[in-house]
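One chain, subunit A, links the two complexes that follow: it is found with subunit B in the first and with subunit C in the second.
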Partner chain A sequence: MSQLNQRLLYLRYKWSFKKFLAELLEKRWMDAIIPFVVMVTVIIVFGSQVDNYFSPMVLSMTARDFAEPGFVALAMAICLISGGIDLSVGGIFAIVNFLALLLIHVYGWPVIMVVPVSLLIGAILGALNGLLIGFLKTKAFLTTLVTMISFRAIVKLLNLKYATEIALSAKNNPYESAAWDFLGDGSLFGIPSDVVVLIIIAFLGHILLTRSRPGWHLYAVGGGRRSARHVGIKVERIIFFVYVISGILTAIGAVFYAARLDSAASETGVGLEILVLMSVVLGGVSIMGGKGTPGRALMGIVIVMVVMNALLRLGVNSAMNSLVQGMILLFAIGVDVKWLKHLYASIEKIYVVPTYLSLPKALDPRQGSGTVFEFNDKMEDTETIGLDQVDGPEDVILDRKGRLYGSVRQGWIVRFSGENFSKREIFANLGGRPLGMAFDKNENLVVCVGGMGLYGVKPDGEVFKITDETNRTWTRLKDDSRIRLADDCDIAPDGKIYFSEATIRYKMEEWPVDGQECRPNGRLICHDPETGITKTVVRNLIFPNGVCLAHDGKSILIGLTWKCDVLRYWIEGPKKGKIETLISGLPIYIDNINRASDGTYWLASVGLRTPVYDLAMEMPSFRLRMVKFVPSDEWLYPNVNWGCVIKFNEQGQVLESYWDPNGAFSHVTSMREHKGYLYLGGLHNNRIGRLKIKGADPEWTGPNSYWGNR
Partner chain B sequence: MVNKMWTLFKKIFARGKEQYVIPPLDGALLPNNAIDRFKVIHDDFKNIDDMVLDLKGNLYLSSDHFVYRLHGKGFSEKQIYVELKGTAGGLNIDKNGNLMICVAGQGVLVVNKGKVIRDLNMADSQPINCPTAVVSGPDGELFITDGTAYHEPERWYVDLMEKRSAGRLIRFNNNGTKSEVLLTSLSYPGGLTISNDKKYIIMTEGWKHRVSRYPILDVRPQTREVLLDNLPGYPGRIVTASDGGYWMSFFAMRTHLVEFVLQEKKYRLKMMKIIDPAYWIRPAFASGEDFLEPLQAGHAKTLGIMKPWAPPRSYGLIVKLNNDYEIIKSYHCRVDGKRHGITGLCDDAGILFAVSKGNSLVLRAGREEL
Partner chain C sequence: MVSLIQGEKEVNMTGMLRSRLAGLSQEQIVFLVSVFFFIGFSLFIQGFASIGNFMIMLRNISVLGIFGVGMGIVVIGRGIDLSQVTTSAVSVAWVLKLMQDGLSIPGAVLLGLLLVILMGVINGYLIAFIEIPPLFATLASGICIYGFVRHYLLNLLNNHYVPESCKSFLVLGQGNILGIPLPVIWFGIIALMCHLFLSRTSFGRFIYAQGDNEEAARLTGIGIRPLKILQYTLCSLIGYLAALIMASSTSSLNVRIVDSTLIFDVVLVVVLGGISLIGGRGGVKSVIAGTILIGILLNGMVLINLGIAQQNLVKSVVLLCAILLDTFMHPSDEETARQGDI
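Presenting the complex of A and B:
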């Protein structure tokens, strides 16, 4: 294939709309996109149909009308999120409205007293629901249905007794209070008072729900009550408070209603529960629980109010009005349900977007090829350490005392010591998937933990977090601030920790999918322990894996696994900040890189390039279809059953290769030289290997090489 | 026409969906390690293919350019019976006890006491380049399957990856003077036998993964009766069993990846053009020895072990069919085993001999192993 052709193919697959779309859809706020679009549409459509719809005067009036059910919608939303429902909101609304008016007009209480007492009444009524549903574990639907009927009956009784009294006293001695008037029709900066309060409460509620522990507990309870209980959340208490809050929010709406209309009519709040229920569901608060935000609830109520209001003003009769409303709601709910149902499946379908990668022709590693990679038996005499005592030591390292550490799948650092490394102990339990390791100046073990970030282990085994966040790329849709797959690290003489993050698009256990994608999803990150700042220094690397500080301490070597390249990143000297390719197109897939005693470097190969895999790399659409149609267990892989260790020098020249003819140390992901021996680890191996190296310095150790003799 | 439209429709709306039809190894096909328990009687032959027992109790084995005669106690002694110009493949014995040998690129030879008495190499003015199996009918006529018109038997996988259907079933009269092509456009027919009731001829077709039978007196495409369809592997030779029923071998198994690559024309053609056939994505008689071979996710060694349920690039499988052509028992050598690519079978009064072409082993299974 011609160079131009290759270049064109590369460009064709470099940027992908599908990738953008998948990352866009993955955003949490995309859940609400359908209600948002509906809201904007109804506002535009009805706004253009009704004269003067957007004049400040009309807008302010509409807004004032909308705020009262708005509070009730918030109340309903919080109940739905908790996995319940509150049908008694209409009843509470009516009772609070009535009692507030009673206190104002008949008993002449001051506003400053009336408002808290009204809210308290709301809270008490809500608490009744909460007690029944939370602690006595009655069904929310039936319970609130019963309380709805009861509250309505109470309103009727109160009405029979006090209605005329309220009406008479309101007429005979009108209540004079600036505060009460302000609640009824005052405004702040031109915004109606109730709207201001609603926005403040919705905002606080949003923060509380999405950014606080009680909020998360609420979502957990709504999403799966049993699981929430199992993780130790106090489910009863949460549910109790949900209904109390629901009562208070409803009461706030009722007070504003009372102040605005001064009407104690018995049909106050009739049908309110249905209206708000429809609104919040329309806004995308799931009736199944665990999903939704105050913002979405308000979006729902805006849609409903706009439609109702506009139809009213267009002179549509009330029966027709209800019908049109019903139709719109039905349509929107249908779309919303389908959207939420298929959203995640769609993301999964389009998330993997393979790209074009053409690797240079590989040197032949077969026996008799005569190349430096030629298969040999140099690793035949490898001794075995800890057979079946380790599960996948991705990296191995030795300390000054000659103790051997392995990072294993269970999330442990396993330590071997004593004669022939026969004593095994669990040095530290990190969780996650510990990968690359390095010792810092103070003999702390710095560990890259897949799924967690960069952690440290003190010599006494105490674990501490170093960093799990870096600066976000603002030009990128996907939030890449969290470190997902820290892979290997090394420490510069000034103490800065350089580590690779293999990919930002996939999780630890999904790394082979990144191999199918072969996109530059990885990066090199630097953490400065002095300032505590973590910063991404090189972006867009194709699965950066091994990281090694050069012998002179002036540059960092980075191994790119799928690209089969070794890069050099300068951290000191005239080329500081520059990156250059040191070795390109190896016939092996690169894992960790480490120093050798003779001033060169060891490089572990996790697998071999195979001709069919190389060809697949040049055909992104083939790989895409394979990922889609072939079960993941049958995907084409690089040949990870054969691995080797190679040695290269400062100039990037490959000097020799070490192969294991027995295949016991297949899949080598790391190696460390220590006092004339090479220690071998592997991501899927059940052992650590130890090989005597001919001609190696028998006194050389890693810690001495980095931090000097001590 | 309708068929073509349907194919087009599937190409557009259901790309790659066809591969999901590979049935799992379940029921009578549940994997076991039975072949690993078979006894090895010879492991020093090269490129072996088939075995047959003659009327006098001699065992013949085709290996490279030779047919060997195995005799003595436990057939441990061997001698060259006949030397050939091409690679020897399928073997069988005709009604008179003569040995019939399929020779790659040469056709079928009928041999009596080491001497060639008939040389059947042409049918319908086309050479029989890929003879895969031969069987003698009740009247002494010979049925021969010609696997494909394009390749010799050693290059069977090229035929598969080219998605050919160019095999033939040929009948010769009993003195070999007259030939007749009965069926064409077969998808690599590789096994032939006469049914136990002598009324039918049974034939396996590799690339169509099926076994069919035809009335022996009336072999036409219209009289075909499919006995087994959509098998999980590529069926090869089939022989009658001494206690009724049949033995059938699968020389390789189907995998999702191979089926997928068969759908992927662009990739497949390019792979065939630029890559050494040893490293293609394709089924094979043996695998795992060369590190440039394709590897699938399931093959990755974990904790030093290759999982036996990994996708099989090569596999060993023998099945027993009853007289109703139902699979009643199966003998496996799984992915981690080393007795793959079973091509030849021979039943000696309840003792089964099998040829593992992939690992060049002659195997014997007595009653305790079966």
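Presenting the complex of A and C:
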């Protein structure tokens, strides 16, 4: 294939719309984009159909009408978010409206008293729902349906008794306080009073829901009640308060309604629950719970109010109106159900986007090939340490006292000490998947923890967090500020910790998928303990794995697993900040890199390149089809079963290779030299290996090499 | 340790209470309560204990009972059909209008039947294929259907009468056989048929399986989706029969009945008798037990001249008690509860 052709292929797969789309759909604010578009469309369409729709006078009146159901929509939204529903809002609305009018007109209470008492009534009615649904665990839908009927019945009874009295006293004794009038038709800076209050409450509600502990608990309860209960959230109490708040919000709307219309008709609030339910679901508050914000609820109510208003003004009859309402409701819920059901599936479907990678022809590792990679039996005499006592020691390291540490799958650091490493203890429990390790100047063990970030373990076993966040790339859609898969680390003489993050697009256990994709998703990050600042220093690396400080302390060596390259990143000297390729196109997949006693470097290899997989790397569309249509255990995988350890020097020349003919240490992810021995770890091994190296310095240790003799 | 033992004791206490109650089935409890109310009303309400009133009561509750049998089928399958009353009422209103327009009785009834089956299938489709939760699907479809039929088929008229030319239609609801009002006999026949369907046919057993554990039923090879469509169609169909009898016995039908609390009475009858909303429990017997209790209660309330509002208040309290009893007897397992199951 010609150079130009390769270049074109590379460019063709470099940027992908599907990748952009997948990352876009992952965004939480995408849920709100559909209702937003609908809202804008509806306003434009109906605004142009109906005369004078946007004159300030009409607009202000419409806004005032919209705010009252707006409060009720907030109430409904919070119930839906909690995984419930409140159908009794219409009844509460009517009761509060009636009692507010009764208190102000018949009993002549001042507004300052009427408002809190009305809200209290709302809260009590809501508390009744909350008690039943939260503590007695009845189903929300039926319970609130029943309370709706009883609230309506109460309104009817109240109406029979007091309606004439209210009408008379409102007419004969016009106790019209300025405050009551202001509630009814006052404005602040030209904005109706109820709209002002609505916006303030929605804003505060948004902050409370998305930025506070109770808010998060609420989302947790709605999103997965069982999990919420398992993590110790007081589910019953939260649900109880949800309905209390729902009652209060509804009461606020009812007070404004009472002040505006002064009408005690018993039909008040009939059908309100359907209206607001329709609105909030249209706005993107899911009936499945755990999704939605006050802002979306208000968007929904704007849509519905605009449509209803327009239908009214176009002179559509009540039957048609109900048909349209039902259709909107069905449509909204149908879209909601389908959207939620298919969103994650479709993201999954388009998320993996393989790219083009052409690897140079590899040196032949077969016996008799005569190359430096020629298969041999140099690791035949490897001793076994801790057989079946470790589960996948990704990295191994030794301290000054000669104790051996392994980072294992259970999330522990296991320590072997004593004669022949016979004493095993769990040195620390990190929780995530510990990967690469390094000792700092103060003998703290710095550990990269997959899924968590960079952590430290003090010599006494105490775990502390170093960093789990870096600066975000603002030009990228995907939020890459969290560290997901810190892989290996090393520490510069000035104490700065350099560590690799293998991929930002996949989780720890999905690393083979990143291998299929082969995109530059990884990066090198630097943490400065003095300032506490974490910064990404090199972006767009293809699965950076091993990180090792050069012997002179002026550069960092980085091993790229799928690209089979070793890079050098300068941290000191004239080339500071520059990156260059040291070795390119090894025949093996690279894992960790560590120092050797003779001024060279050890490099662990998890597997061997194969011609078939190399070819697949040049055929992104083939890999895409495979990932899409073939179950994952049938994929063509890179060979990560048969690897080796190689040694290379400062100039990038490969000097030696070590192979294990027995297969026990054929999968090597890490090796450390210590006092003439090489210790071997592997991601899937059940043991640690120990190999005597010919000609190695019997006194050389890692900590001495980094931090000097002590 | 102490608290643990106390906790165990508590569990045992409620467990014992539950098992003691469970010794009696919910139908039996409801039946006992009905007897209690019956004796109480006979003693304290004048005119309650008379053959005439008894017949009126039976006639009135038959319609409710037939609606309840239809709803029961859906609730056993862990669904609910809030559009049942709407669907049947507007269809029968259309049937009456067709009769007024001069169509023969069988022709009108057949057209109404087609309409109601179509609506049942649509409900089933929304729930089985689009996977909208039944509560929402039927709530919304009810509103839709109400608007659609009133606008396109009924010319916005609410009250529909049985025309003079179709007086024979009235036999359906007003006739007697051996002094027993026909609606009661219809109720008996429909209840028996549904009982046989639910307990003796494989489709009936499948509905129980679906209500008990839908996923397991699907994995054993039951076609859940067609089964759901069948349930909602049956529910609409039986509701249609109930509405026909209702229209026939009163010679008219007002579609505003949709705005009344009839649908909640139906749910009340079903849940009260022991068809748990959790699904897979109860049967036609439960509906009959629930119907008798509600019939006695409604009749008593009418006799002591309670207004509609007061009646609703009492009914909602009773329904609330029924739901609480249901929750107590069949507590939903929080570990297997599914999201969106409200």
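The rule we apply is simple: the second predicted complex is superposed on the first by the 692 of 710 C-alpha atoms of A that agree within 3 Å, B and C clash if a C-alpha of one lies under 4 Å from a C-alpha of the other, contacts with A are read in each partner's own complex, and residues count from 1 in each chain.
Throughout what follows, contacts are C-beta pairs under 8 Å (C-beta built on N, C-alpha and C of every residue); 3 or more make two chains touch, one makes a residue touch a chain.
Since this is a predicted model, take the numbers as computed values, not measurements.
Shared-chain residue A:Gly224: touches subunit C; no touch with subunit B. In the superposed model, A:Arg7 lies in contact with neither subunit B nor subunit C.
Contacts of A:Lys349 after superposition: neither subunit B nor subunit C is touched.
When both complexes are overlaid on chain A, the residue A:Arg625 reaches subunit B alone and has no touch with subunit C. Look at A:Lys361: by the touch rule set out above, it reaches neither subunit B nor subunit C.
After overlaying the two complexes on the shared chain, residue contacts for A:Tyr637 are found with subunit B alone; subunit C is out of touch. By the touch criterion stated above, A:Lys161 is placed in contact with neither subunit B nor subunit C. Looking at subunit A, you'll find no residue that touches subunit B in one structure and subunit C in the other. Within the complex formed with subunit C, the residues of subunit A that make contact are 83-85, 132, 136-143, 145-147, 149-150, 152-154, 156-157, 160, 223-226, 229, 274, 287-290, 317-327, 329-330, 333-334, 337-338, 341. Only residues 365-366, 375, 388, 391-392, 512, 607-608, 610-613, 615-616, 619, 622, 625-626, 628-642, 663-664, 666-667, 684-687 of subunit A touch subunit B when the two sit together in their complex. For subunit C in complex with subunit A, the touching residues are 126, 130-133, 135-137, 139-148, 150-151, 156, 261, 264, 267, 271, 277, 307-310, 312-313, 315-317, 319-320, 323-324, 327, 331-332, 334-335, 337, 339-340, 342.
The touching residues of subunit B, counted against subunit A in their complex, run 15-17, 19-20, 255-257, 260, 264, 266-267, 270-271, 274-276, 279-281, 288, 290-304, 306, 311.
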